[in-house]
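What follows is subunit A paired twice: with subunit B in the first complex and subunit C in the second.
Moving on to the complex of A and B:
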């Protein structure tokens, strides 16, 4: 028993060293900009950079649009599949897993070939079209997470009874969808939204190859040209990930405490 | 759900009803399928057709005639070595992730540690498994780069120059070490429930029958755990194989791995044959696809014991 405990602590110690040294190293490095003393100069330099604000804002907007349109696509579909075409469930599971199997770089390669400016659907022909394509690519990337969290939330409510009750009371389908189904799967929608946010904010491949001024390519550019700012940016990026995951945990804990009303 | 479904489509399509009032039934069926149409159109446009386009393109020349030359051209030294380095990095990082991740999961489930360690490790794993891409590369440059914290610390305090040992962050070892930062947490997150599923009774029963700890692990726990363990390792492998942002930010284009080669090919046709790029993408899909299929199969085996 003593031995077990010793090895358990040893494993934790190895883990703590492996995970905390890089974080500590990054933070320490980000403070080294002024010679001989620690300062937050690198952060000041990052925040005063206009490109930082522009790309950060752009990625925020993209993340928001991804979440809104992704959820408008996925929640009704998941609802419909549960209610009317349950035989489609394995197909849905399969399709929503595919983005984990096919690397992002392959997907975007396909887009560039299929939707270039001389094709039938020239998404990449205009800035607006490319932005639309970028949001679509982010929805594709986050499909596995969004669909799973929504579907899990839908498992805890009785979709059929809710729908029948609403229909008896005379509700039309937009009412059923937005006033019965959406509020009941809000915990799933939110967990999916937070993880999507974390993914989109740091995403590099899609934005770089579609040539959009997003946060990921900006990070890469700074990394290639500056010394201390990258560490400051890494600390900021880590804080964003931590924040989204913290909110996700909060939501899932909250929804576990609240008893299902169905 | 399940048994009491009043209107599953299979009932509707069979029996005399379908002939008696076929127009009504057909309309319901059509409406049923129309409901999933937006999603299917989305999936076709942004996932299936683009992938399919590349897969088909791999078997054609730029002029449009059928050929296997693109596939054959994958077996040239540059491309072969890119695949080989990619496979090595993915394998090493998934193996390292599996071993350390298993040790951590074991420690928090069976190690008898205080419960706050378990909850904080799981929360941290949720964060760290999503902390990848470009910032992760920055973190490791700041730590193990030429002027990184650990490098400087070892030099100043122990007079030990890490880089004189031939270590280089921008190499196979460095990339493997960096990838493990998101591989280990993923392993912890997936394996912890599997270890939770080991019932206390199995251990007690084997102890009563006189088994040693080693015998218990070898003959009871491991046969139950191995599908989860191997399956998750395969998932980690595919995960590392498709990753590009970390490697690109870390090494630029100095390390010749498949995703970086493909990136360069998309950017500027470095292989001087666009359809060879399709073949390169096809190779990636085949490798990640195979490891994912094996993962799903092993997971189904593993879940038999987690009911």
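Moving on to the complex of A and C:
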């Protein structure tokens, strides 16, 4: 029994060292910009960089649009599959898992071939079109996480009976979806949203190959040309991810406090 | 024309026909129960009235209006589900107000109607609670108030008491009946619990394999079961296999007992087997019992059930149960003992297969 406990602690210690020592090292290095003393100069330099603000703002906007349009696509789809075609669930699971199997670079090359400026749907022919394509590619990338979180939330409520209860009270589809179903899967929607946010903020391949000024390519650019700022950016990127994870936990806890039961 | 008419309803799912040529006419304000085992089609009929399923054939009329082609939301029907189906994100008040808001009523009217409904179910003080903060019985009462709030023309109850514990079930079914009588609303109640159906219905439809085996008052269903299925499903009826002795004289034989029936069996032949039903409470062992018919057999077992004692004996290969009221000084028949059960010949019913 004692040996088991020892190995459990050993495993935890190894894990902590593996994950936290590099992070601590990066953080420590990011504070060394000023010679001979610790300072937040690297962070000051990053935050005062106009390119940082522009790319960060751009990625935030893209993340927001990805979340809105992704949810508008996924919530009704997951709802419909559960309600009307439950036999299609394995197919949906398979489709939504595809972005995990197909590398992002393959997807984006596919996009470039299909939607280039000389194609029938020339998304890349304009800045707006390319941005639309980028949002669509982000929706594709976040599909596995968004669909699962929404579908899991739907599992906790009796979608069919709630729909029928609303229907017999005279409600039509938009009312049923937005007043009876959507609020009850909000925890899943928010979980999916935070994961999507974290993915979009750090995504490089799609943005770089579609030549959009996103945060991911900026991280790469700074990393290639500067010394201390990349470490500061890495810590900032971690902070963003952790903030998303923290909010996700908070949302899950609130949803546990108010269990939805049909 | 009756208020709710089901005219030749049929329903098939793929190759399986779950409702077979179902006819029923329900009067305004009547409380009708669909009683039957799982899979007999009772819920499917209810769902067709609600509009959740479309009949494969036949027509449903409510207040003279053909419901074919009408969506569920257009039928003005209230429904209470087995699983409560309250909206988890809404308070009790908002749940009850939902149908009224959808109908576009004014805020003042909604407020007044919701309060009236909550008063009706005695939960006015819980208006701000959420479903997860309430017991099953309270949730089901809210579901009833929600269904009644928009003043539906028909109320459908889909096994609303099944998920509740025994005590709450009894009190809530009485409450449902009182509210139904007070509002005079035409109600269809689906249940597999015969006691529930017998206690609150004006009429009962006993369903078996997609058909209505018998439609009648609780007393008719219990005392005059039309088929062997109804006899076995409703109450604990003894079904006795007897041999026809003389069809013209209506005499049958059960073991060594020759019995004359009141019901004619002239259509049968001598030596045919006929199913006879006898309620456990119909007979008595007492020598002074007034029954004109006697059945002798050997006691197999005696079970103490509280207010009654149930004794099982065999006669002509049949196991027959009868109930006696419990009394502290009563001497109970012992296994192996020969007993004679006395009852009126009119208590014996010939049942169809």
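In this section, the second predicted complex is superposed on the first by the 261 of 262 C-alpha atoms of A that agree within 3 Å, B and C clash if a C-alpha of one lies under 4 Å from a C-alpha of the other, contacts with A are read in each partner's own complex, and residues count from 1 in each chain.
Going forward, a residue touches a chain if its C-beta (ideal position, glycine included) is under 8 Å from a C-beta of that chain, and two chains touch if they have at least 3 such contacts.
What you see is a predicted model, and the numbers here were worked out from it, not measured in a lab.
Colleague: Have a look at where A:171 lands relative to subunit B and subunit C in the superposition and call it first, second, both or neither.
Modeller: So A:171 only meets subunit C here.
Colleague: Between subunit B (first) and subunit C (second), which does A:132 come into contact with in this model arrangement: first, second, both, or neither?
Modeller: neither
Colleague: Would you check which partner chain A:162 touches, where first means subunit B only, second means subunit C only, and both and neither mean what they say?
Modeller: Only subunit C is touched by A:162; subunit B is not.
Colleague: Tell me the contact category for A:103 with respect to subunit B and subunit C: first, second, both or neither.
Modeller: In the superposition, A:103 contacts subunit B only.
Colleague: Contact-wise, after the overlay, does A:61 reach subunit B, subunit C, both or neither (first, second, both, neither)?
Modeller: After superposition on chain A, A:61 lies in contact with neither partner.
Colleague: Quick one: name whichever of subunit B and subunit C touches more residues of subunit A.
Modeller: On the superposition, B touches more of the residues of subunit A.
Colleague: Under the contact rule defined above, give the subunit A residues that sit at the interface with subunit B and also at the interface with subunit C.
Modeller: none
Colleague: Hey, which residues of subunit B end up touching subunit A in the complex?
Modeller: 1, 5, 7-10, 31-33, 35-36, 38-39, 42-43, 45-51, 53-54, 57, 100, 103-104, 106-108, 110-113, 117, 121, 123-124, 126-128, 130-144, 148-150, 180-181, 184, 238, 241-245, 248-249, 252, 259, 262-263, 266-267, 277, 281, 284-285, 288-289, 292
Colleague: Spell out the residues on subunit C that touch subunit A in their complex, using ranges where they run on.
Modeller: Result: residues 50-52, 71-79, 81, 83-89, 98-99, 102-103, 130-132, 146-147, 150 of subunit C touch subunit A.
Colleague: Under the touch definition given earlier, write down the residues of subunit A that touch subunit B in their complex.
Modeller: So the residues of subunit A in touch with subunit B come to 1, 4-5, 7-9, 11-12, 14-15, 18-19, 21-26, 28-30, 73-74, 76-77, 80-82, 84-88, 92, 95, 97-114, 136-137, 139-140, 143, 160, 195, 198-199, 202-205, 209, 216, 219-220, 223-224, 230-231, 233-234, 237-238, 241-242, 244-246, 248-249.
Colleague: So in the complex, the part of subunit A that touches subunit C is made up of which residues?
Modeller: So the residues of subunit A in touch with subunit C come to 157-158, 161-162, 164-172, 175, 179-180, 183-184, 258-262.
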